[in-house]
Amino acid sequence: MGKPQKVKDIFMKTITYLGSGFSLLFLTITMIFIFSNGFGLISFGLFTGDYHAKYYAGRPASVECEGCEVTDELKGYYSSVYGIALYDDFDRAGNVVIKVSYVHENSPLLNMLDTNNPNQSISLKVDDVVTRVAFFDQPSALTRNGASMMIQSMDQSTEIRELTFSTLGGGIRGSLITTLYLIGMSLALALPIGILTAIYFSEFAPVNRLTNLLRSFIETLTGVPSIIYGLLGITLFIPITVRLNLSQGANLFAGAMTMAVILLPVVIRTTEETLKSIPNSYRHASLALGANYTQTVKKVVLPNALPGIMTATFLAVGRIIGESAALIFVLGTAVKDTVRVNESSTTLAVHIWTVMTDEPSNIELASSIAFIILIIVLILNIGVKYMSYLINKKLRGVV
Amino acid sequence: DGFDSSQRPSVYTRDTTSGTRDGFMKGIGFGDAAANDSLLVDGFATRDNNAIMQAMTIDEYGIGYISLASLNDTVKGVNFNGVEPTVENVINDTYDLKRPFMYMLRANDDWESQEIKEIAHAFIAFLHSIDGGDIINDQGAVALPSNYTWESVRDTHPICQGDNSALTLRFGGSDSIQRIAEALSAEFSPRCGNVVTENDHTGSGDAFRRTQGDQKDQVVGKHIGYASRPFRGDELNTPDDTRGQLAWDAIVVIIHKDNPVDSLTAEQIKRIYSGEYETWEDVIE
Amino acid sequence: MLDVWKKTQRNNERPRMLGRNDKILYKLLLLITIISASFVILIAVFITLRGILPFITDNSGLGSVDLWNFFTDTVWLRGQTFVSTAYGAGFLILNTLYIVFLSLLISFPISVFTAVFIAKIAPEKLAYLMRTAVEMMASIPSIVYGLVGAGVVLPIIYNTARSLGTHSSGGNSTLAVVIVLAFMSIPTITAVSEVSIRNVDENLEKASLALGASNIQTQFKVVLIAAKSGIFAGVILAVGRALGEATAVSLVAGNSRSGPNFGLFDITSTITSTMLQGLKETQGIDYDIRFSLGVLLMVVIVITNVLLNLVKRKVGKLHG
Amino acid sequence: MRKENVFKIEKLTVYYGASSALQNVDIDIPEKSITALIGPSGCGKSTFLRTLNRMNDLIPECRITGNVLLDNENCYKNGYDIIGLRKRVGMVFQKPNPFPMTIYDNVAYGPRCQGVKNKEQIKKIVIEALEQAALYDEVKDRLETSALALSGGQQQRLCIARALAMKPEVLLMDEPTSALDPIATLKIENLIEKLKEDYSIVIVTHSMQQAARISDYTAFFYMGELIEYGKTDQLFSVPKHKQTEDYITGRFG
Amino acid sequence: MRKENVFKIEKLTVYYGASSALQNVDIDIPEKSITALIGPSGCGKSTFLRTLNRMNDLIPECRITGNVLLDNENCYKNGYDIIGLRKRVGMVFQKPNPFPMTIYDNVAYGPRCQGVKNKEQIKKIVIEALEQAALYDEVKDRLETSALALSGGQQQRLCIARALAMKPEVLLMDEPTSALDPIATLKIENLIEKLKEDYSIVIVTHSMQQAARISDYTAFFYMGELIEYGKTDQLFSVPKHKQTEDYITGRFG
């Protein structure tokens, strides 16, 4: 081999290393970005919390806070008059908020009159967000002026007229539940239809024009961009649900139907491939025993297709979790805390879209959701691998 | 790396449907450009405040405008005609680059139920209260002066003592007011039997269109609509008691923090936007 | 989790005689299959029907949208939303094709080199790692690509543009879209290419080696050539997806309202990003026009597909 | 004593598409005997076997003319009960093909498909069939384990048991031992000889020795034609046709 | 006149993993002659052939001991130029395997890989190689069409032309005609006989007739050992070993 050729070879080889290095680099950057930005917000509260904060307003019954002098270092600023410490922070949407870091056990704020429901009492808790403190004798202390100003105002005043506070908000429980609903509902539609269609193709379809036509129609579905499915949902499925009096606009039923159509080709293809990998000898044996086709399908073909159907399910779940464009149209972009199947709501992926297109966009929360999605997708990937391992094992004859 | 004043200013503007753009162009005496991009120098037209803010955090030579409500310290807000863009200056009426925030209710005989109507009126009472004003101020707009607290008028709105969680109050209109409107809704709900609030903001024009205009009876119809500009034309052919102002909003010209410019006149801004000034040098001189 | 139609061998044996039970099942299955298949028709019919409305109705008094103008104009909307019907999507078509072409310029070489690396050059463990990485990339939802684009690519582009002495709207630009789409396409093209590279008859490789060609020469001069029709299939798949990608694109496009935008650092918009733009209405001309864009998108995809397949057939001729 | 015939086949011609694989075959299959089909590869033995229980229906391009009479009724007449036919005419394939289920379920499969629900009854059938197939003792402790874990020879006997559980009249076997080792083959051969007391058996084999060893009648096919058919000992000792002689002495094939 | 040897093989043993496929083979390959390798399937003919141009390097578990001397230089010594070896020792495979390119590009492939850039020069080489392979007249009007459109025999001659374009000294052929019909086979045989004027040819064949017809020397392998090696006419008429005799008379294998 000549010198120049050797150099050329090394060069080309290097390029292939570079090419794949580039792919790997991108994946790494993606992961690092998502994890480093998203990890900060990951907490139990993120999963269980409301997206929309709950607001309260109360008036302390007394101004006395006996023995409220503290010597410990507290986060933020401390008011010994009211026995609470406040600090500046950001909520999950990246907005400036004032949070409670400490409430003394004798604090009058533990026993406030609920100004919205006069006969009840409410109390301020650590991690609550104080939005405003109004007084009788001076201007209200607002969030925009910061925790130190707020404490200062409180210490100066003899009496608080009203203290408004809220829970943190920004939780993704609603989107999580919508995602789960959507997974359940669209699988309930797509799996039976998809599997039965796959059975038709693999077990019954005669070789003719009609079969080819049907098959090519379904293949074409794969190439349709998801945003187009969104349009289909608007023109077909939402009107259907409205006509059936299930809903008045965008809703989960329509979302599930749209999603089911998106999933159909995946389910059909995956199932059919598994059905085809089942040796014909099983079918022949069954038929030769006097079983009819229905029995053969039910007892021999389907049980063996189970890993394939599981694979299809995993792929479908992955697709549902990642879908955004279609659902923006069919399900809407409004984040809901109480999910109703006949109303609009957002899935996790659409939640990312919503917070990214909000003003200002919230990369942290978006990354946290993306983090969750990636983890789920990773698990699904492993599931798919495991299933194909099972299929191989089964067909190699070791059950 | 210092500021290179020989660079061309990169001009950002909202698109022609924006109320902020309308207020801004009229405020700098360039009203013709409110709905006509071709009068402006080449630049970036965007659909939202946020994009302009973001651009200004990274575009050293950028200039744009947002409402005072959206201003934060990631960018620099420029003095207008020598007056600093602050709440105080808006209240004492020295800062001129401002616009009113308006609201519109459905017509008096056009409510789907008496309850909703009463709740809506309770809401208006709330937003005019000191408590409502605090919320508006906290969001950076400038509330109109008030002399009563919500608590003192609560009993005149008995509807708010019951449980309203099955009712939905629908808000719409200007998206410049969205943050304020959402904050008001959130604080109002627990004060009025946990009424459900829905904020769907699509632009000032829809304040009228969806409460008393041609879309009021469609699914997008609203109970209360906000506009970030004075009502005009057809919109004024509505009963006076269905309209009102809730606040002033100041529009702020923003630039990158590294930009040495501190103050601009209406004329200077207009020249930048029309392309008469070609570099920052021209402005600084 | 990449979907590539694997054309498996069809079962040759088909039932000719069905029992009574079987006939019921057969008819049920046929019905369900016809339902599954009918969605393509439903999509085409329903979207087209709604998509032509703006052109044939007077849009509640505003007048109908001019079809010629729609196909050729360089401004999305002249006049005010809901007041004007002067919609133009000509520049969107150009933008979309331009962006997809550029993204292919990036993704194609990277993908093919990666595929060769995985299939032929990498040591076994590294190949496994890379294959897993590509699978991972393929299963990342597009909205996450958009998020990474907005969080990572935009600042980089902004700084690059600035250091080159030009401006970019916070990084929102043609280049950003191109990069995001390129990365989304890499796993598709890589996976399909790798399969077709591995399926190349190993005798061809042996023949080349026996002629004194080096391993690398063999891979690039013989194996790649033999695999080209498979690689092209991957490209067609990727182009189809890139044309239809919506959310990721709209997060980094900047969403220009007029064009065409050929400058790499200029903001841009595609057919899909415009469909998502300002999506707050649920009716009226500004809403219906999105269906027209949907029809336009389908037409662009179909035509591109047909053209690429023609090229593929030409290119593939040498395979006999 | 010449036995009764279970099958009477008249002028059977089988086509695959345009070309024929069997031409004008006339043959009677005697009951409770073993009939061996021999002949070079591709001569149509399997094709012939499949026509007897209409498994050829599964091949779309396959067409037949002529009559296949079972109990004097033409199996190919319109409306004939194919399922019923297959219950009466069991089949064992070249490669053992137990279902991927337990041994028990494999044997119980046929009866269950027929609608037998009673557990006791099924159990009786299964044990009987396994015993008949000389497999019961080997597997009685592992009836609930996977059938795929059995050895090839055991699997083939399981397939036979599975067929026997249907209590068929005829048993068709297409080279049932060609995938097995000699010891397993021997076991199956012994089993087949025992089974002929109760069943009519038709077996395709490539092994001349096997045909000679176990069958009562032998049919020699060549290029789709039935060349010679008769008692096995006669056919092997004094073949009437030159082709038969050539084939059985190994001079061609 | 005894010719010079191109290859001298000494004590060659080839292992696949733990088991050996060739044991202790000593053999000299004479130049400008045809040496045929015969023997039953699996005896190691292909293995032997592959050691000559180190194609066995492609099989990871393959190991060799002993020497393979080309021009008295051991091809397996450290740092030996394998690419150079393969240029000097061309190879033609059992199944014709033209590249999916034009006929012209197929033949030009080798020289181009070697770095020949000059178009005129390449053209000369291509035409010469095609002429040597007796293919030029048949394809001269379609040099720019796909090689895959050629018939099997033409493809095989194209593969020979492709090898010849490298101007090798030795040509290895592993059953080059076994995938071809008799007429194509005849053409290739004629070609091979012609080629020996310029090249040393080693050919593996399963056809005794072919070996006898075209080769000058024949080596008979059995179970990995070189049983007998000598002039073809001698080996076929008076084989020295019983095994050789049995094999060439068709009594086994």
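Per-chain numbering from 1; labels A, B, C, D and E assigned in written order.
Going forward, a contact is a pair of C-beta atoms (placed from the backbone, for glycine too) under 8 Å apart; a residue touches a chain by one contact, two chains touch by 3 or more.
Note that the structure is a prediction, hence the values are computed from the model and not measured.
Peer 1: What are the mutual neighbours of chain C and chain D in this structure?
Peer 2: The shared contacts of chain C and chain D, listed by label, come to A.
Peer 1: Give the label of the chain whose average Cα location is farthest from that of chain C.
Peer 2: Most distant chain from chain C: D.
Peer 1: If you average the Cα atoms of chain C and of chain E to get two centres, how far apart are those centres in Å?
Peer 2: Distance between chain centres, rounded to whole Å: 49 Å.
Peer 1: What whole-Å value do you get for the distance between chain B and chain E if each is reduced to the mean of its CA atoms?
Peer 2: Taking the average C-alpha coordinate of chain B and of chain E, the gap between them is 86 Å.
Peer 1: Could you work out how far the Cα centre of chain A sits from that of chain C, in whole Å?
Peer 2: Taking the average C-alpha coordinate of chain A and of chain C, the gap between them is 25 Å.
Peer 1: Tell me, which residues of chain D touch at least two other chains?
Peer 2: 58, 60, 83
Peer 1: Give the residues of chain A touching no fewer than two other chains, as numbers and ranges.
Peer 2: If we look for residues of chain A contacting two or more partner chains, we find 1, 5, 206-207, 249, 292, 295, 361.
Peer 1: Return the residues of chain B touching two or more other chains; collapse runs of consecutive numbers into ranges.
Peer 2: 54, 200, 219 - these are the residues of chain B that touch more than one other chain.
Peer 1: For the complex, which residues does chain C have touching chain A?
Peer 2: Residue positions touching the partner: 1, 3, 5-6, 8-11, 13-15, 18-19, 21-22, 24-26, 28-30, 32-43, 46-47, 49-50, 109-114, 116-118, 121-122, 130, 133-137, 139-148, 150-152, 183, 186-187, 190, 214-217, 220, 240-241, 243-247, 251, 272, 275-276, 279, 282, 290-291, 294, 297-298, 301, 305.
Peer 1: So in the complex, the part of chain B that touches chain C is made up of which residues?
Peer 2: 8, 10, 12, 15-17, 35, 37, 44-47, 51, 54-55, 57-62, 200-203, 205, 218-220
Peer 1: In the complex, go through chain A and note every residue touching chain B.
Peer 2: Touching chain B: residues 52-57, 115-116, 131-132, 134, 140, 142-144, 161-162, 164, 166, 248-249, 334, 358-361 of chain A.
Peer 1: Help me check something: in the complex, which residues belonging to chain D touch chain A?
Peer 2: 53, 55, 58, 60, 83-84, 86-87, 90-91, 93, 95, 97-101, 109-110, 112-114, 146, 148-149, 159, 162-163, 166
Peer 1: Sort out for me which residues of chain C touch chain B in the complex.
Peer 2: Result: residues 79-82, 155, 158-159, 162, 167-172, 254-258, 267, 277-278, 280-283 of chain C touch chain B.
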